[in-house]
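Note that chain A is present in both complexes that follow, paired respectively with chain B and with chain C.
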Partner chain A sequence: MGKIITISLVTLRESLRNRLFIGLLIFLLLFFVFSVYVSTLSLGTVARFIENTGMVGISLICLAVSILFGLFTLYQEKERNELYVILNRVPRSSYLIGRFLGTSCIIALFALFAGAGIFFLTWSFGGHYTPGLFWAVYWAVLEFTMLTAIGYLYYALAISFPLNSLMVLCTYLVGHSMNEAIQSFMGLGRFGSLWHLYLVKAISVLFPNFDMFDYRLAIVHDEAIPWTQFGLSTLYWFCYLLAVLALTSTIMNRKDM
Partner chain B sequence: MAKSSTSTLKPLFLAFLAFLAAVCICYYRTTYFPLYLREEVRVVPDHRLAEILSLDHRGFLADMYFIQVSLHSGSLMWKPLKFQFDSDWAYGMMNVITDLDPKFHTAYLFSGMGLIHGLNDVKRARPILEKGMAVFPDNWELPFWIGYDHYNYLEDYETASHFLWQAFQKPNAPKAFLSMMLSALRESGDYERALAAMQVLIAGTTRESLKSVYQAKLIQLQNLAHLQKKARDFKEKFGRWPERLDDLAAKGLIDKIPQDPYGMTYRWKPDRRMVVMEPRKTTP
Partner chain C sequence: MTEGKPHIIEAISLGKTYKKREGPVEALREFSLQVEGGEILGLLGPNGAGKTTAVKIIMGFISPSSGRVLLNGCPLQPAMPRPAIGYLPENFRPNPNLTVLEYVKFQCDLAGGSINGPGKSRALNLLNLVGMDRFPNRRISDLSKGMGQRVGLAQAFSGDPELLILDEPTSGLDPVGKSEVIEVLLAMKQRGKTIFFCSHILSEVERLCDRIGILVDGALRFLGPTEGFKRKWESSDLDECFKREVQWAKS
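Up next is the complex of A and B:
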């Protein structure tokens, strides 16, 4: 456990020292400016526009953090041959989980920055007090930690960084289209075969379903999220994450480095 | 030291010259090859495709589409006359926007307010506002705007009075549109509801002079409602509508045609099957 914490702290410290950190913060600030600019075209619904644009900002920044901090540094470590030195002292699974926890902290940090910024902008420009925005931070952390874990799985499968990034992006796109895919097949009505529907449903269950963390409209409209849905989504995240990390550890342990 | 400062200044000067040249080229380009306004490519996306494209940021995509529609509608003010409002596209987009975010209240309102550029737009706005009414059953503004548009643009008083009455029934509905609703109800021959609305208007008035005017109008509406009811009784009893109001008195349904407080005359309009009031004809 101590080794996991040490590696996660090292990951966190390295990320904070990284120039990318400042770059992403500047990107975030520019996105804040963009959200305020967009809100001027809103015909009186400033708060709503800042919230919606801000939530896109949270997603973009977390996606960038997942790929740049979560994956890129992992490959960098391998390239510099630092990985082999670490793996001589630390079990592979501890290394993996430590790195994952460190990246998750950075994701949470950025999401929190973004969430607090949008909260402040919504308050000052839109005159709307929306503490519910911090739920958007929570769901973003769940979504992008899961995506990072999937990136780690691709890493364990010895996939190169460019391909890994591309596959992570594809996973993100597919994970957000699951409900629409099922609805489309159901929309076929009598023309759609039942087997097709089962196939789509099976795929939607096997693939990460990021629609489970989509409560954005509820947040914008200040609606309470039912506790059952909250619990189910969090439980889904926990189980799926556990499964992916366990699988990744197993593959890493069996791999000939 | 001097050499070093010269070597720093030289590239800076070069950079300045290059930048100046770029600015001049840009100015020349925009002056001699001006940009012309062109018709935008306007496509109404399928709502499911839009949902997929939004990557679960449906609110954001709805906002972006909303900006596109509001800019198209608003920018006509300063665009050359050849640019026309594309109603089919705009209302198609509003449909997609409200599919993406069914609780986008401003989008529904905008369909019935800012997007009305022609008489046919009132008909296009109605299904969108009705969609909003299903989402916001307690909201008075959505039925109000259907009523308002039908009253002002189409002069369809029957539809207007139907929706204005619905708006009037909603909680927190203001009394500011009572006069318009009264007018629509009277024009459509719904005198009983008009009476109820007039009583609310009187109850909310503190000025005595206005109250006396409203009282006279209340009597007028009572007369009209009474005559309309008797005409319906006539239809029930004899299987046909009366041809004139005197028929009601002739068949014993009323004693006489009541006196109007403003000296108007009441007349039966067979084509509309309702009692109307008209100014009394004066002999020259």
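Up next is the complex of A and C:
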């Protein structure tokens, strides 16, 4: 466990010193300025505009962090042959989990920055107090740590970085279309047997289903998220993450590096 | 075996075949060698001879198609870490966003409890050993290639391993850098460390090694003292002997 923590702390430290970190912070600030500007064009719904665009900002920044810090650094480490030095000292699964935890911390850090920024802007420009925005941070962390784990799986399958990024992007888009896909496959509930419904639902859960973490509408409208829904989504994230990381470790242990 | 003691490392009939689109490529075949404790063994071969493949199999990064590797008489499993071996890969570049001390300390922390003292003091000792103690707080991105290689050597020593495996430790270095690395390796030998390294630079092999292995097209053509290799080809010039061996193997 100590070695996993050592790797995750180094991952965190190197990410904080990376020039990309500053670049992404600047991007985030520009996004804040943009969301405030756009909100001034609205008629009396400034706070809602900032919340809406701000939550898109959280997703964009976390996606960028997931690809640039989560995946790109992994490929760079292999290119520098540094990977072999680490794998000489720790099992491949420990390396993977250490890297994943470090990247997850960076995702959480950025999501928190973004969430706090939107909270402040909504409060100061829109005069609206929205603590629910911190739930948006929570859901973003779950969603993008899961996406990063999927990116690690593609890495273990020896997919190149550009293709991996593209596949992660596609997974993200398709994962967010799952609810619509279920509806389409079921013909809006008019066709198919009960087994058909179970099959479609099983596929949508396996793929993965990022709609499980999409509570933006509820947050914007200050609606409470039911605890059962909260628990189900969190459990789904936990089980999915565990399964993907276990599969990635198994593949990494079997393949030539 | 030496006086009943197992060899520090022993490769037995290693083979590796890669499946390529154009058909199977045999990178290594019937590769067997033994490294004795306290010696420096250099594995020589032209580019593409299979040196790195052999090292990666010994280190467990790739699994052999046939054969096995023993460390102190115990079989090694592929894909498992080898904390008893210090390793420096070819073209190694440490993490550019860390300082020299942070990086070596990181490796000391990973190397774990068998080493003396806390990670930081151990890291400083290692930097002293490789002559990098004047730059502990310098960013790795600001180091020259030779300095980076010395950091690489420091990390290889971080677990206080009995065996060091180094893949082309002087490649890409200028003559001064090469000489510095060789000095460090000789100092390690004096401390009783066993060193197994790959190279295609004959002068450094001649200066460093007790024994050499000549690998051509995946097959080990010679294993023994440098003098024995020179006698084989009846020449005092190692360069000339090596060329003749490669030509003979290819013909």
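Keep this in mind: the second predicted complex is superposed on the first by the 239 of 257 C-alpha atoms of A that agree within 3 Å, B and C clash if a C-alpha of one lies under 4 Å from a C-alpha of the other, contacts with A are read in each partner's own complex, and residues count from 1 in each chain.
Following the convention adopted for this analysis, contacts are C-beta pairs under 8 Å (C-beta built on N, C-alpha and C of every residue); 3 or more make two chains touch, one makes a residue touch a chain.
These numbers were taken from a predicted model, which means no experiment stands behind them.
Taken together through their common chain A, the two structures put chain B and chain C side by side without a clash.
Contacts of A:1 after superposition: neither chain B nor chain C is touched. In the superposed model, A:253 makes contact with chain C only, not with chain B.
Rounded to the nearest 10, the angle at the Cα centre of chain A between chain B and chain C in the chain-A superposition is 160°.
In the superposition on chain A, A:216 contacts chain B only, with no contact to chain C.
When the shared chain is aligned, chain B comes close enough to touch A:173, but chain C does not. After overlaying the two complexes on the shared chain, residue contacts for A:194 are found with neither chain B nor chain C.
In the superposition on chain A, contact is made by A:42 with chain B only, not with chain C. Think of it this way: put the two complexes on top of each other by chain A, and the tightest Cα contact between chain B and chain C is 26 Å. Common to the chain B and chain C interfaces on chain A is no residue. Contacts from chain A toward chain B in the complex involve residues 38, 41-45, 48-49, 51-53, 55-56, 59, 172-173, 176-177, 180, 183-184, 187, 210-211, 214, 216-217, 220-221. Only residues 2-3, 6-7, 10, 13-14, 17-18, 77, 80-82, 84-92, 252-254, 256-257 of chain A touch chain C when the two sit together in their complex. Those residues of chain C lying in contact with chain A across their complex are 56, 59, 61-63, 79-83, 85, 87-95, 97-98, 102, 106-107, 109-112, 152, 155-156, 159. Of all residues in chain B, only 48, 51-52, 55-60, 62-63, 66-67, 70-71, 101, 103, 106, 110, 114 touch chain A in the complex they form.
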